[in-house]
C-alpha cells in the first residue's frame, strides 16, 4: 500500500479512503512504540462510532493503546486474522495489519486529517521534543 | 539496634562522601514547624526476650485455643500438614518481591503456576488467577468482570450469599452504575428459588451470583440455576466460601458456572483471626483477558528452556492505570503458594479423604441430633460440612453461651448478621473433629436445651 | 535434560501419598444426593512427602529473596523482615476464628488497637482502619471515604487530580471509586506546587492524590499550601503513604494538612513481601472523616475491647472479617522492637543510604531531577549506549536484584533506587562497584548487557509469546 495515498491522524492512525468507506490501521511509528503486539480488541461490526471515539484496543507486552475512530461512521468490517496473528500489526502495519473498516457518515471530516507530508513533519516534531 | 546495620563510624564516612556534617541537613526540605514531632507517647524499644513476653501476654488474654470449636461461616479449621508450614516459612518463599524479574523468581512463578492449575482442576474451569484478597472481594471482582464483559449493568445476588460477601459487593459498586437485585431463598429447601430467579432475569442482566454450599450450608441445584441464567445469556457466577467443598461436590465448571470465585483459606492457611486469607477466581477461557489480578504463564527463554513469567500484564494497573481491569497490585501470593503446597501434600487421595470426613462428620451430627428435643436441624440433607440448627426454646445466643461455659463454641449465631434470626445457629464440621468431639457437642446441647 | 525442576504434575504417580490423615471414625453414611457429588479430581497430584519437600527445595533455590540479598527497588521499601515476627505470627494462642466471642479474643483485639495507636502517633491522623488488604485496597477505601464525606456535604464531585508521576494504583483506585481522573503535570522540579495545581482546581475536584515524598524521592515541600488551596476549594488531600519510610519520626502527614492516607505495612513496617503479597493497607483519616471509615473497627469499651460492625455513615465493608491480622501482628512487633528511640533512626538511615548511593552514582548516570531526594533517587538512561532494561538484566548476573525500572513514567528509562535502612555500607559499596563495572561494560561491550542474564537459572524469557498464546495451566498430554 503506497503511503502517499493515505491520510493520518495525530494518534498515528492511517486512513485509506475508498469512496464512502475507509480502512483504518496504525502507522509504523505507532507499532514501533508499542512493541510486540499480543492482542487486538476489535470493535463489533455494525457499531456506530463518532470521530474520536475509542474503536479498538491494541495490547503489547508492555503497553496498551486505544485506536480512535478518525471519522464518524459505522464499523463495516474487522480484520479477523488479527485474532490468531496479532503480530501482523507489527510486520505489515499498512497492509495485512489493517484493523477495521468504516462506512463514513461525514466525508468532510476526512479533510481534518493530515497527508503524508504533514504527518512526516508531525513525526519530526515529536522526535524533537 | 539489630535492624539497623550502620555503625556511627560508617555514618560519618557516608556523610563525608555526601558532603554534609549532620544528617539533619538531608531533611531541610521538611517544614521546620512540623519537623521532628515529639513521640513521647510511644513506648521504648523492647529487646527480643521482652517482645516475646509481651506477645505471650497477648496470647494469654485469648481463650479461643482451649475451646472445642464448631465455628465456620467462611473461615474453617482444617488439618495443616507440618510440611506445609515448614516449606512456606522458608526465606526464599517468604521474603522475595513480586516476580517482575522472572529470571531470579522461577521458584515463586512455578509454584503459582502449579497453584493456578490445581485451582482450575478443582473448579472444573479453564483458567485461575494468582489470587485476590479474599472470597468477598473476589465475588465483587466477579461482578465487575461480568458487567465489563457483557456490557450489561444489572446483577442478581442470591440472598443466601455470605452476608459479608454481599456487603463487600455493595461497597465495591456503590459509586458505579451497577444495579444489584436480590433473589429469594425458599425457606423450605434453603435453596435459591429458581422461579424467583427466572422472574428476575432479563436481557439487562449481566450475571447471577450464588453461593454453593450457601450461607445456610445448603448445596444449591447449580445445574438448574446455570440453565436458567444462560437462557438469558447472562453469566452464572458460583461463590464458594468453603473451598474444601470443591473436593467433594460437583465442581462449578461441570455445574455450568462461567466463573467460580471464593475463599481458599481452607487449603492450608491458619485461622489467623481472619487473615491473611486467599481469594480465588477461576473462569472459562473467554474471560481470560478480562480477569483481574496477576496471571503466571508458561513460555521459553532464549535457550529454549521452559520458564514462567507474569503475563497479560497490560490488563493491570501499572500499565492500564484507570482503565485497568482492577486496581489490585499486591495480592495473596504467599498464601496461594502455601495453598498449592497444601494441595500437593494432600494430593488426590488426601483431599478426598479430608473432604469426605468433613461431610460424614456433619452427617453424623445431623442423624444423632434427631434425638435431641431442644433443637431441630433445619436442612437435614444436601449440605457439605455446615449445618443450620434451630433452637426450639430461647435464643441461639443463650444456647451458645451455655455451651461456651462447657468449653464448646457450638456455632455462629445467625443473629450476628441478621437480628431477626434469633433462634438459629450455624455449625461447621471438619476432618479435625472426631466422633468423641461430636458426641460431646451433642451431649452438651442435650443438657443445655 | 533440563536442570530445572519438573512440575508437580510431572512428578505425580498413581498411588503415591503425601499426607497422613485417617478416614473419619463416624459411620460412612453421606447425606448428599449422588448427582451433587464429584468424581475423583482428574490428574491431581499424587506425590510422596519426600518428593514434595525436594520439589519445593528445588524451587526455593531458584528464588532471589531479601534474606539472600539486596533489593534496591524504589517505591517498594524492601527492608529486612525480622524473624522473631514469624514466630509471633505463628503462635497457637493468636490463631482464633474471626467469629470467636470477643471475650475470648481480647488479646487479638488489643493487638489491633495498639497498632492503630502507633499509627496515629506516627502519622498525626485521628484514626485508622486496619481492614484493607493492601495499599491499593486502602486507596480504594480512602477514595470511597472522600466520596461519602463530600456526598453528605451535598456534592460528591466528579474529578480526582493525580500527578503524572503517580503509581498506577492511584488512578485505578480513583476510577473504581467512581471518579474521573485528571492527570496534572509535575513542575520542572518534579513536584506539585500551587502553579501546577491552580489551573486544575475547579469546583468539580473532589481530591488530589499525592505521594510524599513523591516517586522521584523528592519531598513535596509545597504540601501545606497545596492542602490549604484544596481545602479552600472544598477538596481533600489524599496522601499515598508508600514512601512513608522517609518520614517516620521526622514529620507527620496529619500535621501537613493530609485528610486521608494509606500505609503499606509490607513496605514501611517490615512485613514480608511473600513473592507479591499478602500486604496490608491501613487507612488513616482526619477527625472529621472518622465516621466514614470502613467497618469493622476495634475500640476500647468499658469492659475491654469491642468491635463496631455497623455504622450508617461508614462506607461499608471492604473486606471479609477484620483484615490481615497476622500481618498486623508482625507490624506491631516491628514497631515495639524499634521503640520511640529508633523510629526516627529508620528514616535517617534510609535517607542517608539513599543519598550516599546518589552521591556515588550521580557522576555516572543522568539525574534528570536534581532537587534533594530523601529515601530514593531516580536516574535515567539518557546518554547511555544501552537501555535501562539491559543494565537491570546484567545486574542479575552479578547477583543483585535490579532497582525499579521504567517507573515513574515521567523519567525516560527510569532507574529508581531505594536502599532502605536495612543495608550495610558494605552492601551499598558492593552495589556501587557493580554498577561501575556494568556501566564500563556498557561502553566497551554492550552486547554483554543485551544478552544478559547468562548466570541465572533461566535467561530472558519470551514475554511476547506468553501474552500472545497464554498458557496459564498445565494439562495432561499437552505438548508445547
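Chains here go by letter, A, B and C, matching the order in which they are written, and residues are numbered from 1 within each.
Just so it is clear, contacts are C-beta pairs under 8 Å (C-beta built on N, C-alpha and C of every residue); 3 or more make two chains touch, one makes a residue touch a chain.
Note that the coordinates shown come from a computational prediction; the quantities given were computed from them, not determined experimentally.
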Graph class of chain-chain contacts, one of line, ring, star, complete, other: complete
Contact-richer chain pair [B-C vs A-B]: B-C
Inter-chain centre distance, chain A versus chain C - centres from mean C-alpha coordinates, in Å: 38
Euclidean distance of C-alpha centroids - chain B vs chain C, Å: 20
Computed distance of Cα centres, chain B from chain A, in Å: 44
Multi-partner residues of chain C (each touching 2 or more other chains): 463, 467
Multi-partner residues of chain B (each touching 2 or more other chains): 313-314, 319-320, 323
Chain A, residues touching no fewer than two other chains: 38-39, 59, 61-62
Chain B contact footprint on chain A (complex, rising order): 38-39, 41, 59-64
Contacting residues of chain C [partner chain A, same complex]: 406, 463-464, 467-468
Contacting residues of chain B [partner chain A, same complex]: 289, 313-314, 319-320, 323
